[in-house]
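These are the structures in question, set out in turn.
What follows is a pair of complexes built around chain A, which joins chain B in one and chain C in the other.
Now for the complex of A and B:
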């Protein structure tokens, strides 16, 4: 059996786990190549125009896999990956959306992952799927439990200072390019599937590094500290990624090493439209909201990044020279 | 303390009555207007959905009239609405407003928690008062729903659309002002009698029937959808809408078990072949209702939602397949602060013309019944030479 895993959405969190899972069941796993313009174009034509760019890109990857003649496409229905939290309504409907809009799509493995109440749901779902595929439920459960270790491995790699994209490459045994030290440190926030897909983020990480800025993402930080920082809000944020971003931003805001924060969001992202506002009004460090979609021009993004880095450097210089803030407030006011 | 709450269509009639009967000093925000939206848009996050912006405008306008407390609902996702109150409170605080925000978090908190909050505000209400307050506002909800249904039925069927709309408005006002539980039905009965006395539009004996689906706020708030229902009514279309206030209260507060109110719970299974899971907001209801409309042989369906509404984007994606397999024409309309009325009317006209031609082609009925006795464009008489 050959199963295709599209390189989109939560691929960047769970590819090692999903790959391990299918390998344990002796299935062959193949992925779609890194996003290119042609794939993105196919997705844009197929999905409804109101969907966000990452969803359209995912459509492109699924189309690509469908064209390669895989037996199955793995597209789980990610309702909730931790208790009392959701990701996004589109994640809950994506298998149905794909089936409705891509005629002749290979059969989808649409495991419904919903642990918002407890883990029991997940195991019942695995059993149901095992029965459907004629596999022994015990074997499937064991494969799943074994595979969760891969996620831990990926997280451990990223904690050493790698982005998720780099982490996956290292996990697969490739040698990663060591990101050189920069004179600036910039915290980068956003959904993993936007940040780690160079076509969506327009190569944000590489560009920042080229400009001499070291990059910090939420994966490089202690998840418990992120959670603790996010708990400072009066109401718990019920989006998994949203809460992580709030916690990361509040944590980095207090880190003297970090010069500024950039939030990369995709046009039309529902949670981000509120989360970015919550963060913007709670952090004291320079903050830039970068909104991208399928129309983004690289030059505009580069200009904004350059201006942001220049501003951070000037701020630092002025701080050393005068103790006066270049953005209109006294430094010691906070 | 003077309490206010956001508008959603005619729900203010029941909400203000409930709060007043509980002994609170209520400020109903002025009806949603361009100014409301302008105020709201100025201070809202740029890409947040339209209801948020109108809510915020409502609060600001109510505060101008002396409100210093806000009643708002919460939620636990995944739809953005669950976090509305939090961000709205942030924004108003940053604007320097001083106020108290009462947030009803469903399903974590129940009616009793609202009552406790009411008690904390220093107002003493007996259980009997609470019970009669709830009963009165429930009757008002039912009356509002009946009036809206009457408008759906009569507006396309009468010649004097303006008078029909005025009668409905007068009826809503009378319900708003009526404090007597037993007289509520009488008020609506009188409107119904008056409506049936209006001159019928003989050319439009069997109007097209279009079902509305979508996100509840955009469906119920005429300001958010450019008076879509009245526009359709004036174009001679009977509107059918499964979502309404009593249905919402029944499904969300009573689990669909109130015998005297409509419920969508039973129809949700209709969505199963197309959408196998709930997706937050009204996404699944949208798909289920559309399938239901097709089975009830309605002529078409219109999906309305605020721009970037996540659950409705999921629904829209699968509605394409519903359209093909169930054979019902569907149009999706997204609304934000930039929409223009003329564009909306043009889209509606085009959609209706397409449905009429389709009906004519399938030989359902002759042109006279569908287009009136004369062609809209060249004025030649249908059926003549």
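Now for the complex of A and C:
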């Protein structure tokens, strides 16, 4: 059996796990190539116009895989990947949206992943799927349990200072280019599927590094410390990614090594419209919200990034000259 | 011979050139409409500058504005900077104590916060260009009023009409509606200025601490009506510097002066700029599925620079063998 995993959305978190899962069942796994304009164009034409750009890009990847004649496409119905927390509500409808809008689509494996209460739901779902496929439930459960180690492996790689995209490449045995040290350090926040897809982020990581800034993402930090920082909000954020972003921002805000924070958001993202504001109001360090969409010209992003790095450098020069604390009360009083 | 630092700001609506002397004082400024031809406008502007300053030696060139890369290749710029830094540097040069800069240009608007002469925060308009120069141009044209007089009409109004300023399309339909109801033009224009000021402060100024002194610059700063609207809303004085419409170019020249120190300028010389036939071309690279749109600038058929290729191989081909560039040209077909 050959299963295709589209390179979009939570691919960047779970590809190693999903690949391991199917490999344990002796299935062959194939992925779509990195997003290119043609795939994005196909996605834009097919997807509902209200969807955010990363969802449209996912359509492009599914179309690509459909054209390659895979037996199945793995598109889990992601509801919750940790207790008491949820993924963006759009994601639970994605398998249905794909079926409705892509005629002749290969059969989807749409395992419902919902561990918001406990793991029980997930195992029942695995059993149901095993039965449907004529597999032994015990074997499927074991394959799943074994596969979770891959996520830990990916996380361990990223903790050494790699982005998720680079982490996946290393996990697959490729040698990643060692990012050189920069004279600036910028914390980059946002959804993994926007940040790690250079077509969506307009090459954000690469551009920042070219401008001499080292990049820090939430995957490079201690998840427990992120949780602890996020817990400082008066109300718990119940979006998995949103809470991670708040925690990361608050943590990096206190890190003297970090010069500023950039939040990349995709136009029309509901959770981000709130999370980015919460962060903006809570951090003291320079913060920039970058909004991108399908038509976003690179010039606009380049100008903003350049200006942001310039600002951080000139500011540091001023601080050195005055020998003052950079974030004194006269800066941000809100 | 007069030694100068040259600053060029190639914006969507205007192309500006300034010459600063070695004491960083403004010698000459040129303000031209880009009219969709940034290269031609720069050539024309340079010719104009040369006619005003017969003998000069260029010590450094700075370029800014959305067309900065194109023009940098043409002039041989030493410093190529984004508009935010350039405008902040320009404003702080004339008003070292400035803490807020409003810059409204042809296609975008910026809010820059400075403390001790250094940018500490900024905001740029996101997706919509409502309230920028090109929208005002369009409205002035529709009403048959020269854009230079637009602001004066606004301050003649006794009572501004309420206009929706959130979106350019809404604003225009609201203006037409009010005009058909019989409101005097002055009052509609004043209403528009207030709507734009409100939109600017709401959109860019949200959560930002706007502290005086405030400097208002960019082409739209000529609009007295808008300046008054800002003053009324913020209840503080808004300063418009003498060279408000070329502050980006001044900033670029200052940045060039700062970066030059003793190294020689890569300025290509007046003959190169004025005597050459410049041409821009675009092509779609088929080298990979990204299909980048690559733009090139040529002088007398010779390529000066390529832009827009993600992988930079077109740009790199200029420095490498002819074989590589021939192969690339094949890929473009």
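What to note about this one:
Just so we're on the same page, the second predicted complex is superposed on the first by the 322 of 334 C-alpha atoms of A that agree within 3 Å, B and C clash if a C-alpha of one lies under 4 Å from a C-alpha of the other, contacts with A are read in each partner's own complex, and residues count from 1 in each chain.
As a convention for this text, a residue touches a chain if its C-beta (ideal position, glycine included) is under 8 Å from a C-beta of that chain, and two chains touch if they have at least 3 such contacts.
In this text the structure is predicted, and so the values were computed from the model without any measurement.
Upon superposition of the two complexes on chain A, no clash is found between chain B and chain C, which fit side by side. Of the two partner chains placed by the overlay, neither chain B nor chain C lies in contact with A:6. In the superposed model, the angle subtended at the C-alpha centre of chain A by the C-alpha centres of chain B and chain C comes to 80 degrees, rounded to the nearest 10. Using the contact criterion defined above for the overlaid structures, shared-chain residue A:306 touches chain C, although it does not reach chain B. In the superposition on chain A, A:235 makes contact with chain B only, not with chain C. Judged by the touch definition given at the top, the superposed model places A:92 against chain B, while chain C stays out of reach. In the superposition on chain A, A:48 contacts chain B only, with no contact to chain C. In the superposed model, A:38 lies in contact with chain C only, and not with chain B.
Between chain B and chain C, more residues of chain A are touched by B. Once the two complexes are laid over each other on the shared chain, residue contacts for A:165 go to neither chain B nor chain C. Look at A:281: by the touch rule set out above, it reaches both chain B and chain C.
Look at A:268: by the touch rule set out above, it reaches chain B but stays clear of chain C. Once both structures are fitted on chain A, no C-alpha atom of chain B lies closer than 5 Å to one of chain C. Judged by the document's definition of touching, chain A residues 267, 281, 291 lie at the interface with chain B and also at the interface with chain C.
Residues 45-49, 74, 76-80, 82-83, 86-87, 90, 94, 274-281, 283, 307-311, 313-318, 320-321, 334 of chain B are the ones touching chain A in the complex. The touching residues of chain C, counted against chain A in their complex, run 66, 81-85, 115-122, 124, 126-127, 207, 209, 288-291, 308, 310. If you check the complex, the residues on chain A that touch chain C are 33, 36-39, 199, 203, 267, 280-281, 286, 291, 293, 298-300, 302-304, 306-307, 310-311, 314-315, 317-318, 322, 330-334.
Only residues 47-48, 50-51, 77, 79, 84-90, 92-97, 99-101, 112, 233-235, 237-239, 267-274, 276-278, 281, 291 of chain A touch chain B when the two sit together in their complex.
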